[in-house]
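You will see subunit A twice below: alongside subunit B first, and alongside subunit C after that.
Our next item is the complex of A and B:
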């Protein structure tokens, strides 16, 4: 493999991996606080992608209830992306209220909440299909105006071409990641969130309204899911209502690989899986979807707690 | 106790009953704490002492009876509102936020406040009271020794400027010398006018420091009175003072 090809694969891997990372952080934040995998995350990812599509003013297909409908506005793509993510964040709030809080206030088994979130995920996907049909969608061409379709990261004699979309995806993911890092580590709210994650009872004893912070976690998680849905849609198109389900499973591989509930772990896991996928040779491309799980298998054999996860210590 | 002229208590539990599933944890418990007092609740392991404090902090549901703080019924408020109203708890086992620094633990103790200048001044005040914490302000709380963690737990609770401080087993698992230091601090807080409800297994230490005491046995209050009297009470001596 030539060094320019290598660099190209690395850049592509980082771009896709950075989306895996912010998507997986949506799982991680909720898991770190509630110790529950939120199975609606994949559906919220899909919702975000569809919402962005609608906000650009693009028309829906002819199959669903909203056949041929289009919003009477044409937001620039960046605003549509933010709007789609906000829509996903609001969806996160509704999911928390409907599927999580009622069970939590009754002190139900976490397993029930898991099933409840799975049920909501299935319902959401079906609502999407009912409304918009099962067809694939793709965002309007050149969403960022007159940018060239690829950028050269090499020299003119030895070009390293990377699709502009990948560069944008990487940039957006990094901005989101930076904002989240600042929020979690340098603000009062972030420290309170970490306190709730570490020990909910102690957090309440310090006067932290844990219900409100759990809701905030769902807002952030939904936002991250929505942004990643749009970014993946931008890269490969929206493959239909089930678009988020396969991606959701990959996200699970990312968080288990990095260490459940660990924020840096989700980032490392996401980048690693993105890189591993991009190094699958073209003739074996059909096996690419298996790579994250193969990697997960190997890592778990060696480190059952994940790459950065803490080994479970029994409290005395 | 003089009748009639006593002011309304700061804290009053009235006929409080709590159960966990089918296990009765507290039955018909009524007690009160007046402003400026140190009141201790002693009893064997599992008698319901911690449950009493957890109910006052509103982290366990109440099945019967009511809790009044400063004349207001707080039986239905959230834990965070209880802190906001002036009730802080130093929980059993100290419950550090082990992955945050000493300083961040203190700042989170002031989560209900928004006067940043006052918070800053109070942080410095805690560092004067507990010089060991000042030396370790950047360290993760999980790396502190047991005694230091207990100091941090007390300092953190004080950061909310409580009107009532609930202390749950502050001597638990600490060396005698450290325990003496912790009780000196409780005495200082008492002298400074802080109202304290102290739960302790070490009954003799608790009775020496307290104004009044209640004895809890299997979820029911059995004996109450001035701490000095309980120290010489034959039943208390036999059961708790050895």
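Our next item is the complex of A and C:
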């Protein structure tokens, strides 16, 4: 492998890996606080992608209840992206109220919560399918104006071409990641969130309103899910309502790799899985979809606490 | 009655097969292990039957011999059992969410492999799996005995030492371990038997639906099976059986209601196409209001006592 090809693979891997990272942060934030896996995250991802599509004023297809519907506004893509993510954030809150809070107040088994969130995910995805049909959509061409289709990160004699979309995706993910890092580490709210993650009961004894923070966690998580939905839609198109479920399953591999509930771990895990996927040799490219799951399986067996996690000692 | 059987033959057989498949997910759950691996073994069993019947035994005129179907089911059971032990021994050291995640990964890995191998027909799959019966309703002659066998097994299991060990693990693994129940051994046992059942159902299903591809036995199947068990009831084997039968029939029943007429158009439309929405909402509501499912051991006991009273009165 020549060095320019190597660099190209690394850049592609980082671009897709950065989306894995922010998507997985949505899972891991909720896990760090509630110790549950929110299976609706994949459905929220789909919702974000569809909401962005609708906000650009694009028209829906022939199938579904809202065939040929279109919003009467044409937002610029950046605003549509933010709007779609906000829509996803609101959906996250609704999901929290419907699927998680009733079980939490009853002190149910975490496995039941997992099942409940699966149920809500199936319902959400199928509501989308019911309304808009199962066809694939793609965002308007040139959403950011006239940009070249690829950028050269090498020299003119040894070009390292990376699709402009990949560069944008990487940029947006990094901005989101930076905002989240500031929120978690440099604000009172972030401190409170970390306290709740460490120990919910103690945090509430110290006067932290845990219910409000749990709600906030779902807002952030939904926002992250929505942004990643739009970014992946930008890169490969929206392949129907179920594309979020498939992506959601891959996200599980990311959080397990990084350690459940571990925030830096989710970022490292996301980038690693993105890189691992982009380094699958061309003749085995068909097996690329299995790479995250193979990693997930191996990590669970060898190091269930994840790459960066600490082992949990079970107390009797 | 014959007209009814002819009209709903596909549905009736599907219901019975779904009930058996639900039992395969129920067995590990008896030991408190939420495993979503059943669809993987179901897919494996289906491929085994499809490959044996289309590639090993050359297609001949007339019906495919039933003994060969039984042979395929046996091969599927053995293969699923072996794979079940290989996957189960390391995976069942994991608990709760981790096991669920590992089994989801297992199913996805199998799906991608089957999508890319030549022997499984790649993305197209295997077409024209030969038919052992002249009419679909005759599949009942294999499906019903299979269901009865699995139910008898589960009923016996629940009253045996092994069954009590599984329940002890579900209620408190540490305490059970301290009392001398070997957690890994019993969990792998339940997981492997569940895997074998799923493999057998897959083998029969490949003939029944005539074709087999990588869309059979995926994560979605796992969600449906989970709905069968959790809505039906996860504390007695009757729950998954009833859940599998009723919830498989539900879409047809809803369509029937929609066709009766007199309903507003949007509602009829929703009853026809909104099956999975209703499914998802039922799963979510069920976990809140019926955490152990609709059919519980207490309910069965009440029903049993009621019947005994009537017998005594008569």
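The criterion applied here is as follows: the second predicted complex is superposed on the first by the 307 of 316 C-alpha atoms of A that agree within 3 Å, B and C clash if a C-alpha of one lies under 4 Å from a C-alpha of the other, contacts with A are read in each partner's own complex, and residues count from 1 in each chain.
Operating definition for what follows: contacts are C-beta pairs under 8 Å (C-beta built on N, C-alpha and C of every residue); 3 or more make two chains touch, one makes a residue touch a chain.
Keep in mind the model is a prediction, meaning the values are calculated, not measured.
A.B. asks: Based on the superposed arrangement around subunit A, label subunit B with subunit C as either clash or fit.
C.D. replies: On the superposed model, which is not a single observed complex, subunit B and subunit C fit side by side.
A.B. asks: Mind working out whether A:158 is in touch with subunit B, subunit C, both or neither, as first, second, both or neither?
C.D. replies: A:158 sits against neither subunit B nor subunit C.
A.B. asks: Just checking: does A:188 make contact with subunit B only, subunit C only, both, or neither of them? Give me first, second, both or neither.
C.D. replies: In the superposition, A:188 touches subunit B alone.
A.B. asks: Take the Cα centre of subunit A as the vertex and report the angle out to the centres of subunit B and subunit C, nearest 10 degrees.
C.D. replies: 90
A.B. asks: Between subunit B and subunit C, pick out the one touching the greater number of residues of subunit A.
C.D. replies: Looking at subunit A, the partner in contact with more of its residues is C.
A.B. asks: Should A:142 be classified as contacting the first partner (subunit B), the second (subunit C), both, or neither?
C.D. replies: In the superposition, A:142 contacts neither subunit B nor subunit C.
A.B. asks: Should A:210 be classified as contacting the first partner (subunit B), the second (subunit C), both, or neither?
C.D. replies: Only subunit B; A:210 stays clear of subunit C.
A.B. asks: Between subunit B (first) and subunit C (second), which does A:198 come into contact with in this model arrangement: first, second, both, or neither?
C.D. replies: Touch status of A:198: first partner only.
A.B. asks: Looking at subunit B versus subunit C in the superposed three-chain picture, what is their shortest Cα distance in Å?
C.D. replies: 17
A.B. asks: Mind sorting out which residues of subunit A both subunit B and subunit C touch, each in its own complex?
C.D. replies: None.
A.B. asks: Which residues, counting only subunit C, touch subunit A once they are in their complex?
C.D. replies: Where subunit C meets subunit A, its residues are 34, 90-91, 93-94, 96-98, 100-102, 104-106, 108-109, 112-113, 115-116, 174, 219, 223, 226-227, 230, 269-270, 273-274, 276-277, 279-288, 291.
A.B. asks: Which of the residues in subunit B end up touching subunit A in this complex?
C.D. replies: So the residues of subunit B in touch with subunit A come to 57, 59, 78-80, 83-84, 88-89, 91, 95, 97-100, 104, 107-109, 111-112, 156, 160.
A.B. asks: Any idea which subunit A residues touch subunit C in the complex?
C.D. replies: For this pair, the touching residues of subunit A are 36-37, 65, 98-99, 102-103, 106, 108-127, 129-130, 245, 249, 252-253, 256, 260, 286-287, 289-290, 293-294, 296-297, 300-301, 304, 314, 316.
A.B. asks: Which bits of subunit A are touching subunit B when the two form their complex?
C.D. replies: 188, 191-192, 194-195, 198-199, 201-211
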